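Here is the structure we will look at, set down as structure tokens.
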Amino acid sequence: MEDIVLKFKERPKLENTVLIEGLPGVGNVGKLAAEHLIDEIDAELFCEIYSIYLPPQVLVSEEGLAELVNNELYYKKDVGKDNIDLLILTGDYQGMTPQGQYQLTDKILSMSEDHDVKKIFSLGGYGQGEMVEKPDVLGAVTDEELIDEMEELGVVFSEEHPSSGIVGASGLLLGMGKRLYNINGICLMGETSGYFVDPGAARAVLKILVKSLGFEVEYDKLDDKAKEVESLTTKLKEMDPSTGMQQDTGKEDLSYIG
Amino acid sequence: MEDIVLKFKERPKLENTVLIEGLPGVGNVGKLAAEHLIDEIDAELFCEIYSIYLPPQVLVSEEGLAELVNNELYYKKDVGKDNIDLLILTGDYQGMTPQGQYQLTDKILSMSEDHDVKKIFSLGGYGQGEMVEKPDVLGAVTDEELIDEMEELGVVFSEEHPSSGIVGASGLLLGMGKRLYNINGICLMGETSGYFVDPGAARAVLKILVKSLGFEVEYDKLDDKAKEVESLTTKLKEMDPSTGMQQDTGKEDLSYIG
Amino acid sequence: MEDIVLKFKERPKLENTVLIEGLPGVGNVGKLAAEHLIDEIDAELFCEIYSIYLPPQVLVSEEGLAELVNNELYYKKDVGKDNIDLLILTGDYQGMTPQGQYQLTDKILSMSEDHDVKKIFSLGGYGQGEMVEKPDVLGAVTDEELIDEMEELGVVFSEEHPSSGIVGASGLLLGMGKRLYNINGICLMGETSGYFVDPGAARAVLKILVKSLGFEVEYDKLDDKAKEVESLTTKLKEMDPSTGMQQDTGKEDLSYIG
Amino acid sequence: MEDIVLKFKERPKLENTVLIEGLPGVGNVGKLAAEHLIDEIDAELFCEIYSIYLPPQVLVSEEGLAELVNNELYYKKDVGKDNIDLLILTGDYQGMTPQGQYQLTDKILSMSEDHDVKKIFSLGGYGQGEMVEKPDVLGAVTDEELIDEMEELGVVFSEEHPSSGIVGASGLLLGMGKRLYNINGICLMGETSGYFVDPGAARAVLKILVKSLGFEVEYDKLDDKAKEVESLTTKLKEMDPSTGMQQDTGKEDLSYIG
């Protein structure tokens, strides 16, 4: 088989497009944000991506239906103040190897000319290693001019982490987009503990994104998920007041919420 | 060399075919079931599969004969009530890398058009982490309509494991079969401890399979193997009554039975 | 994407060229030396190398600018007593896999004919496992005749380590340069503890290099960095006089200096 | 670069050829035997094999000369009672990945038609996990008829290890030689502790090999190496009489003897 197989359900004609990425990662922040956005604006699935770089696995639903792991592309036309089109990437997993990360990202970017992609937003979490009450959204950009624009929306460009990097699809879409495809990009990273899936951080990230794009969405479902997680983490604290956390158990119990 | 090399001994013309997979895995359940089936219906080896994705190794028989590790395809024509043809995949190992798993599975599926494959059964074990008295057979399918059909045969579609997956050939044959080749499939997983090779679980899986395909086989040899394993595990329990198990020793002693 | 992508900013015409490599490695000695040389002689960046063999990552600057990790080629014409041209290779990372190391090195060497490369210097550190007061520069060469030449410059050809090897780009440039491209090479390895980035060892290596090429550079900036590291390691010794070292903390504090 | 690069120094015309493999492995038995044979019969190096599947490394001699790691092919014409030609494979390392093992072995075998290879001997060690006073030579073959022939020469076909395998080049040359190139082969494995390089086991293996091929060699140099190892292991036993062995130290001290 080809290393990456695209199965198109539809061939939308997109213009003046913003590419948004939300794949699994720290706190599952990016994936939660992208999936919530897809739900709220009723974006359309038009392309499934299967690849030898993804785990050799099917996921099985509660009813017993097996689905080959994949990445998915959704679109929505005429969104926000400027009638932009959105192209949204989400999925079950990121590429499992460095080569897989590069090739999957390149496949997405190679479609960007056809889809008239003008800007890229990659969404993710920033693990702080401790519980975060009110998550900031940290930023990284490919062009200095984007810093002011993002700071006005509340994005924090921290000097605390001088030489840190962004690993995986969120980083590569920015870096390869800029260097190999000449498209500018912004990475929005919601602060999160890194121990649990974090719908609260996803909300913070999404709020900045939609403000930047000039439209609004509801957050009820994300808020419900956040409450569910909070209730579970509170229970865990009560079970083990000394450490305030039972990491392993917690992870297992919460992992399916995302 | 090519990544995957097929050595044909014969080119059978198959029609109305069911593909059955039983490669090594948890409790060796799938491999035991497939090999027993091959023996009982006297299926014919027609294709050996060698590959850089398999371990770089020969196996040596008791007499001292070295054989390059491989996968094998067997066939049997006009089986059961509907005179279906069977295509059975078994082998020494599964692919050692994700890429290898994908490519080996794709090679099998790419032959399915020629062989008129209409349905896929992948056989495996489901590790419960504790001894299983009477193994259920859990199921996963690629199409909702298959659930009823399988439940009537006694397959359990459990809601206990909502987001679990099936890794390896058993999963990929279903997922890739459905998405890339448009063939439906059923995975039958026999409950097993996961500590020993489990001819009992293999029998449970095989019983469902042949009922579904409308024929019968004897189970004497599987029953003999099951007794042999049981006798050894009982001895182990006696040796160490506190834990009831000496895992490492047990594994070594029993591994050659399969 | 291609496994290795070259982005040329300029296509210099080089003659009578010496290729100098300083990529990250033990004590970051080679990279520090190459970067200092580039600064001092004002060498020009003319080619960026992106590759699936590098980590799938962007680095983020203090201001928040994301840059795809890469290797870089610089040049400087008419240097030293013989008006040689220099081709200097440095970068963020070495290839992450053996295959990546081979292919990235081969890509550099395959450009060497066009650039009339006559000799290769690879720069690195030699980890001694203990603090080194006054670092020697150890050597390895691809041709016996180069030994005398290098010994006259003060390079040590030690018999202490009979069967040791040089792993990575510094080794491959020599070995592949000689065997596959018929270009001789010299590896200069500055003694270093291996625990910290080591501008002092970089200075020692660079001093031999420029003497060999017949020109001089200032070392003020390397000396400043060396003092900064020394001051930090001294503090660490005071914090933990028993061991004289707090490795993990030290590494983290010093890693950004390079 | 090509995955595997052959550099020919000469293109010998071989007939009625026996291929002998002795690459690094357990106790370095195969490599010691092959190198001793090359020395004793004065075989000629005619092909160097470089590959991305070998470690990305140069080895450095005592004098400071760097050599890219490789495999090497030697030949000797008109050897023994039947005037056979010998093709001998040895080298610094085996392939580092399963794929590398397969491709390197296939490259050797693909040359076998040109060189009229009629039979393959792969040489190696069989780790017993304890000191071996008088090493037997265990055998594995690709054809039943070879068993009698080898038993007459003193090779042991043990039933002790029913389902064990032979991993790496020694196994693949047999398995791929038989299945993909239709050439029969014999693996000779000298019993060894597995803790040290073992010139004694190499001698035992070589003695069988040359008897089978109908000629004789001297063993003085192997005997000297064996005494050197014995003297060192005896010292180690004296240093630690309780265990009789200081594994880590021992390994380091002895590794360069091979």
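By written order: A, B, C and D. Residues from 1 in each chain.
Keep in mind that, in the parts below, a residue touches a chain if its C-beta (ideal position, glycine included) is under 8 Å from a C-beta of that chain, and two chains touch if they have at least 3 such contacts.
Fair warning: this is a prediction, and the values are worked out from it, not measured in the lab.
Chains that touch both chain B and chain D are absent from this assembly. Think of each touching pair as a link: the shortest run of links from chain B to chain C has 2 of them.
The two copies, chain C and chain D, are related by a rotation of 90°, based on C-alpha atoms and rounded to the nearest 5. Homomeric contact chain A/chain B is classed as different-residue, with under half of its interface positions used by both copies.
With centres taken as mean Cα positions, chain C sits 37 Å from chain A.
Taking the mean of the C-alpha atoms as each chain's centre, chain A and chain D sit 53 Å apart.
Shown for chain A are the residues that touch two or more other chains, of which there are none. Of all possible chain pairs, those that touch are A-B, A-C, B-D, C-D.
On the chain B side of its complex with chain D, the touching residues are 1, 5, 7, 48, 50, 52-70, 96, 255-256.
Chain C contributes residues 95, 98-99, 101-103, 105-106, 139-144, 147, 157-159, 161-168, 171-172, 174-176, 178-180, 185, 187 to its touches with chain D in the complex.
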